[in-house]
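Across the two complexes that follow, chain A remains constant while its partner is chain B and subsequently chain C.
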Partner chain A sequence: MIDSNDPWVPWEPNEKEPWDLLRAAHLVRRAGFAVTFQELDALVAQGYERTVDQLFQLGGREDFEIEMAPIEQTIGSQQDPAALASWWLLRMVGSPCQLLEKITFFWHGHFATSADKVADAKAMLAQNRVLRANALGSFETLLQLISRDVAMLTYLDSTENRKTRPNENYARELMELFCLGPGNYTEGDIKELARCFTGWEVRQNRFQFNKHQHDTGIKSLLGRSGHFSGEEAVRIVLEQPAAATFIAGKLVRFFCTDNELDAELLKPLAGKLRENDFAIAPVLRKILTSRYFWSDRSMGQKVRSPVELAIGMIRTLGLSTNMYELRRRLSALGQLPMFPPNVKGWEGGRTWINAATFVERINLVVQMANEAANQSGHRSIARMLVFSAGGQLSQQIDRLVDHFFAVRPPEATLERLVESFRRQSGGTNEQVKELLVALAAIPEFHLI
Partner chain B sequence: MGRMQRPISFRTHPLISPRGWCFILSLITALILCTDRIYGQQSAAVDGTGRIDASHLFPHDTVVYLQVNDIGALVESALNHPLREKIESLEQVRKGLSSPQFLQLRLGVALLETQLDTDWLTALKALGGQGLYLGAELSSQSIGVAIHANDEELLKRAVTSVLGLIRSQSGSGPPPFIVADYANGKTAKFEENLSIGRFGAWLLLSNKHEFLLKMADRLLLSNEDATLADSKELAAAKISLTEEANVWLYTALQPIRDSGQAQALFRGMTDEPPVELLFGGVLEALKYAPWFTADLAFHGEQIVLNSHLPFDAAQTSIDRGFFFGTQGLGRAPMCLDIPETMMQATIYRDLSSWWLSKENLFPENVVAQLAQGDSQLSTVFGGVDFGADVLGSLQPGMRFIVKQQEYAADIDPETKLPSFALIVRLQNPEQARRFRISFQSLVGLLNLAEGGMYRPQIEVMSTREDGIQLTTGTYVPEAGYDGGLIIFNFSPTLAFQDDYMIISSTEQLAREIALKTKELDIEADSSESNTTISVNVPEVVRLLRLNHAALVANQMLEQGVDRKSAESQVNLILEVLEFARAVNLDFRVDSKSLLLKIELLLLDNRN
Partner chain C sequence: MANRRQFIQASFSNAALISLSWQVPSFLVNATRSTTTKNADRILVVIQLSGGNDGLNTVIPYGDDAYYRNRFTLAIDQPAVLKINDYLGLHPALRGFSEMLDLRRLAIVQGVGYPNPNRSHFESMDLWHTAHRIAENRQLGWLGRCLEDHYGLTQELPAIHYGDGKQPLALATRGTPAPSIANLDQFRLNIADRKGFLSGLRQDMSVRRPSDHNPLLGYIHDSAGIALKTSERLENIIETTRELAAYPATRLGRKLAAVSQLMDSGLGTRIYYVTHDGFDTHANQGTTHAALLQELGDAVLAFTNDLDKRGHLERTAIVSFSEFGRRVRENASRGTDHGAAAPLFIAGGDVNSGLLNEHPSLTDLDEGDLKFSIDYRRIYATLLDDWLGIDSESILGGRFPAFDLFS
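Entry: the complex of A and B
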């Protein structure tokens, strides 16, 4: 139950809602891309508060960054945009800071930029570095950097912005998609904001300010007048009351629910954002530790995105997967990192699933389960499961349900599953593989 | 098929008249012949090279026939090869040899060795000493294998032991096979598409039980049905069988063509212009060639694959003249002696004839695309006809060279590509100007396109010295440029020396080749081959080592593994490659055949 006056008050584990496998799995699925059976056991054992603290701990990833650096260098030097998605998927699988990777992915969807159009791997990598470095920091800093980001300006055809012909593309998206949302500005504001950005150009793959092309005249923007520069204009946009609510709403939709949100619900979060000068970490911590997050208004209220499905399976089963092949599958499922469909990013929610993608999603699980059953050198999935859940088939199915399901499927469905698998000889990789596929065919599997 | 004549001894009996002896002798002879028909055919025929030939075991319409002579000796020579010790010392191989799966295999082999009372290699040599033969029939989708042992008793024990092991695996349940007597042998039929049979010193295996029984009949009976041994095509194909071959493969192509399978291979046409350019002649021969053979020979440090496809110049379409040359006499130029070359290819192709025959070589949709390209290329080349005037100004012989390159002090691309060059000869050196102008136009177009995106520009410089004219494009490094970009592998160059034209990715290579062509005797610049490719493996390894970081990065993404695993996998590939010295391909055309020889040269010792 949640307090309807302030759903964002902190949640504490209690007798009715204990910190258990179900809840630990909910947290790591939302704030990252899932963990193995053993890691989940360890999180339950170490307790709720320590687990949350650990999520926000950004240190200790130096070795991982050293591992990744040569791949970035190779992709950058070969200017191979197609490999970018594979690189990021590998990062998602291996990153020790799962929350950082997840929120970087959130910002990628927010400031959607596609390598398909940018066609410059170095610029895309540079943007990704900016997103990651500022993902939990100040939104204002992030917005200022994105406003002069080569990939973003190229994507929005804004590499040239002359005072005689201000380019309105970036100004429009800044207000509509990045900061305020529709209805919180006028067409006139877009024109004035575009004047503030005149002289902002991309030359030789670098951002540069061309003072000769900057409109130094007085601009009237969102009720204020002055000789605003681009930086000042960004600050004015962020000062609008709608900005904090807009960002809070995007965060809640990404981390809590696909459902429509009431503006009143977001007020405390918007307040928290303003109170902290748009610092993201405090408001995100508030969201992830709130009663709302741990209530049935959030648990099971999101459709598992293709990336969450794939990376979650890989991480849970400890797989080594061909990232080029995974890229192909995710493309078919409609969510390929670095290649969002348009500047609005991925719509998400129910759009992830239709007749064709549902079959593809099951096929993805079949592929992952096959790989898990075939890969030598890894502990077999059957042994992992027996180790975690004991020898009884019903216990093993319960363990899988706790791990993969945010909402428990109907008991009758689970009983049928137990009955059907009891007839087969047990304890083999093959059996666990088939069990995983059978679970993936249950509709609740696709909710997180 | 030869028949084994058994010695007959008799002595005169006083109670039997000579007439009676005649009758008895006739009866005995008939009996012997009859017995011989039933049980006397357990030996095999011998072919012209003195080797055993088991083609009589397979049906007349067999489409694939493979013979491996003396498997044991083949395995023994591999085991005794000097490289074996080195390969076994590789970390990954050592890990594999100590893996549970390998240890389990070793345990099974040890068990078998105990039962056979001999080590596995000796057993293998005895069991496969007279060869392994495989035949496949398309109509019934059947495959049969016949293994002829030196030691019949050992074969009997081996089969009994293996069946015993399989039986013991099934515990208290019934064995997964049914044993039956058949003629003078035994067969075992498994549930899953496998039957085996032992008949004297022969072990037969097949995926279809009926096929196996028919093989047994052919082995044991001398029935009147024609077998593969009666095939005229097989007899003709045996001209390619040499004494050196350890493995020989024969494929009857007509039944495959008739079955409608692999139509893309046999229709004599492709939708892909590069495929036509490279393999058009082979596609032509595949339309009508009755058979194809390949053989593999192992000679210590050399492994040679020879393949043979009948060819009839009279049946060859005039449009394939670009591939074969007039009367099949088109010959590639000789290889150039350029030090540290990674790969060199020489080829005979008349590009102009190829381009001008496009209407007859390709389907309509491809012709339409090529016609569009024709028009654009004609524009690039100043309005002249691309096929007749531009390609027509080139002689048919071409060379392609790939070589590692050096970089200027301030340039260090993170991905280091080799330099490469195409060398052709002009019909008339005066035509060089047209190409030079077109090269400058292309660079100009590229600069316009890249300049629109404020990307690095190419500067063109021309020089002439010692009879060599070089036109070189160099990327202009802006202040603060990124020297790690892949574009800095290139300084596109067009060079001319006498009638030689060199189109190279770098100035360095263009200059080196141009100097080398000065040493050539233009009149004698021809080889005996249609196409040759030589790969210098140590140079390839050197390049791969220079790009180690990029290879590891790619392996991480391809396998989804961490850096340590990726490095270990890449290092294994490099270490294995280091055992090879060269790979050479030689494709020749004579009046009756297309002959392909691929040779792998191994290092006999590695420092």
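Entry: the complex of A and C
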């Protein structure tokens, strides 16, 4: 039975809401990092269902992984944490499985760990592989692996955990940030959970269980008691009713909206998670194909994150950008992958925008538009944006707006654009470059 | 407040306010609210002297034989000392500070430190940054706590770290990080608005605010307005003050000049943080230390003179601290090793100028180090309670008595 009030029932393209450029662009911005104009046209042509199916296909990336492997090896052997960010940004640009990169990035923000403190590129890479391998799989598996992850335990100062002095850091974050959210456990639960993790240590950069340091006594955790091991304790935390709602909420905030969520809204998703033993793919598919995702409660209700802005531009314009410069700019904008600001990860939403970052965001687009204008041939900026000197100007601008904007700017602003484009000289490439920069200065551009 | 109010009026003319029925933007509401809270327009500038400044060769007890006995090569000769009284004086490189004392704009708090001094740079700096001991929660900086509890999320940047290094722990929050600005160019649009699109857009935006249908859009719209305006103002300020500014061409001088421009730009920033690095003088300290002190004194003098001219001095307190002082006795390399208590400086138009507190004894020592008599958290408490008007107890995790820093 389909409840018409359930926002998570499947959406189908229809006469009023057709599968078109605007909607295809919405999907690829949220479920990945945008695509070129040509690719977007192809997605519109092949239809909605096929496009969604493709998102969840994880095969066909062998060639890409072969290309990335040597870079990964170099970073690991040189122990260069700064290069980790470049490596991941390259993956986002090049990966044929965009949804996988996007959700891996989501988990990186969820299980936030900074290379700045960990200072061990190998451990960061190992963690990243765990995140990617389980990103669409079982959250329970992911959580068990992260609980013994060297980078995570190093980041949270939890490499020592003796039975006489249980380390509460990881236990606290597991409940507060990874699983339940504040208010769903007591300080006593943190102490008991920490006892379950005693004997979990990092020695010579490897996780080990030191049974001599494990507290084998009876613990009473979240209303249950027993001789719980760390693994059992993780499962008990995950069995709390708050857990599924908490994870569903994080997914909805990442994929749908920056706005406050109503607890009632998340119930069907939490149910879906529990039904599937915390498998992520089914619930994510439910989210991305829901009426909610395709309504104005979601479309245009997120601030474009710095990484989405930069990688989206690079992919749309077919750039091969200077990674050093990109890292510097992303740092200034507050989102360098592998370097989250703290254990809570990136807060996102409004915090991306302030008086300093707004100007920096435009300047990032300026730099990329300049790079694009210097490309020639089939990668010239006009070609990439399917812009021709002979075409109808307002129609061509409309196409750009559909590609880049989730919320249409005021018509008066678009008229100004047309006017200033007409006054611009220097050939089509130069004109298109200025046009792109102008688009980035419009507030609506910063929503996705 | 005049600047901010003028700025808001300029951004959104009254005509626009009346003719359009849009909701008052949130930052306007915040601005109104902040005027009603205590000390709403005051600014705190923190200058971190990284490495451990040699307090004893900064504020010099030239009237004490023990100073000359312990500093057998590094001591400053009596005639060269810039005398404050018949016992104490400033290092000759600190002419800037000496002039500020004459202008009644500099408070020198002597003997600042904390119990059980830690001589590790990292550990001691962490203490100064977080105001919490190692066993306690030290993810948050003392200023970060202010941001989290009192200034909140805003388009207007409540705090700025001006410099290209890593963000200091003092500003760390669990929420929005304060931005590190390496260069004023970060506020400058890298485009020439040749065909007037941007100025047109700015005009459109000032008279038309998006409907409330999408609150995020309203937020971005307001930020964009402030950003474009700030960018334009800075452009003008940079153009008009380039010749006027009498700042020394040093790293610290340039940083403080930029801070002054930001204050003038109409941003509502309350806390600025800059660092001045290189004080870890283990060997051949003499000339290095003199150069560092000169850079400090000259830059802060230029800064206070400039702020005075621009009308910001009365609302600004500039505090400079270092993670520790150095040992009383110099080492065998004509340098000094990590020590404990040291003087701390507070400059501004409203300070109790002069020497505050007693100079620590040079003979009654704690393992070869000067004993502290004022806990640095008392200074923080004073800056929070008396200067910024923020209750210090929750931020410092305890009540510390205020100290008479301000007049």
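What we mean here is this: the second predicted complex is superposed on the first by the 432 of 448 C-alpha atoms of A that agree within 3 Å, B and C clash if a C-alpha of one lies under 4 Å from a C-alpha of the other, contacts with A are read in each partner's own complex, and residues count from 1 in each chain.
The definition used in the following text is that a residue touches a chain if its C-beta (ideal position, glycine included) is under 8 Å from a C-beta of that chain, and two chains touch if they have at least 3 such contacts.
All of these numbers come straight from a predicted model, not from anything done at the bench.
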Overlay on chain A: chain C relative to chain B, clash or fit: clash
Which superposed partner A:Val202 touches (first chain B, second chain C, both, neither): first
Partner chain(s) touched by A:Arg165 [first = chain B, second = chain C, both, neither]: neither
Chain A residues touched - chain C or chain B, whichever exceeds: C
Chain B versus chain C as contact partner of A:Asp258, first or second or both or neither: second
Which superposed partner A:Ala438 touches (first chain B, second chain C, both, neither): second
First (chain B), second (chain C), both or neither touched by A:Gly300: second
Partner chain in contact with A:Arg50 - chain B first, chain C second, else both or neither: neither
Chain B versus chain C as contact partner of A:Arg224, first or second or both or neither: neither
Partner chain(s) touched by A:Asn354 [first = chain B, second = chain C, both, neither]: second
Partner chain(s) touched by A:Leu417 [first = chain B, second = chain C, both, neither]: second
Selected from 201-209, 327-335, 363-371 or 471-479: the stretch of chain B that, after superposition, runs into chain C: 363-371
On chain A, positions contacted by chain B and by chain C: none
Chain B to chain A touching residues, read off their complex: 101, 413-415, 454-456, 478, 482, 484-486, 549-550, 552-554, 556-563, 565
Touch list for chain A against partner chain C, complex: 116, 258-259, 300-303, 332, 334, 341-344, 347, 349-351, 353-360, 362-363, 366-367, 407, 410, 412-413, 416-417, 419-420, 423-424, 434, 437-438, 441-444, 446-447
Touch list for chain C against partner chain A, complex: 139, 153-157, 160, 166, 172-177, 179-182, 186-191, 194-198, 200-201, 204-205, 208, 210, 214-217, 219-221, 223-224, 226-228, 230-231, 267
For the chain A and chain B complex, residues of the former touching the latter: 67, 70-71, 73-79, 83, 86-87, 90, 93-94, 122, 159, 202-205, 314, 319-324, 326, 376
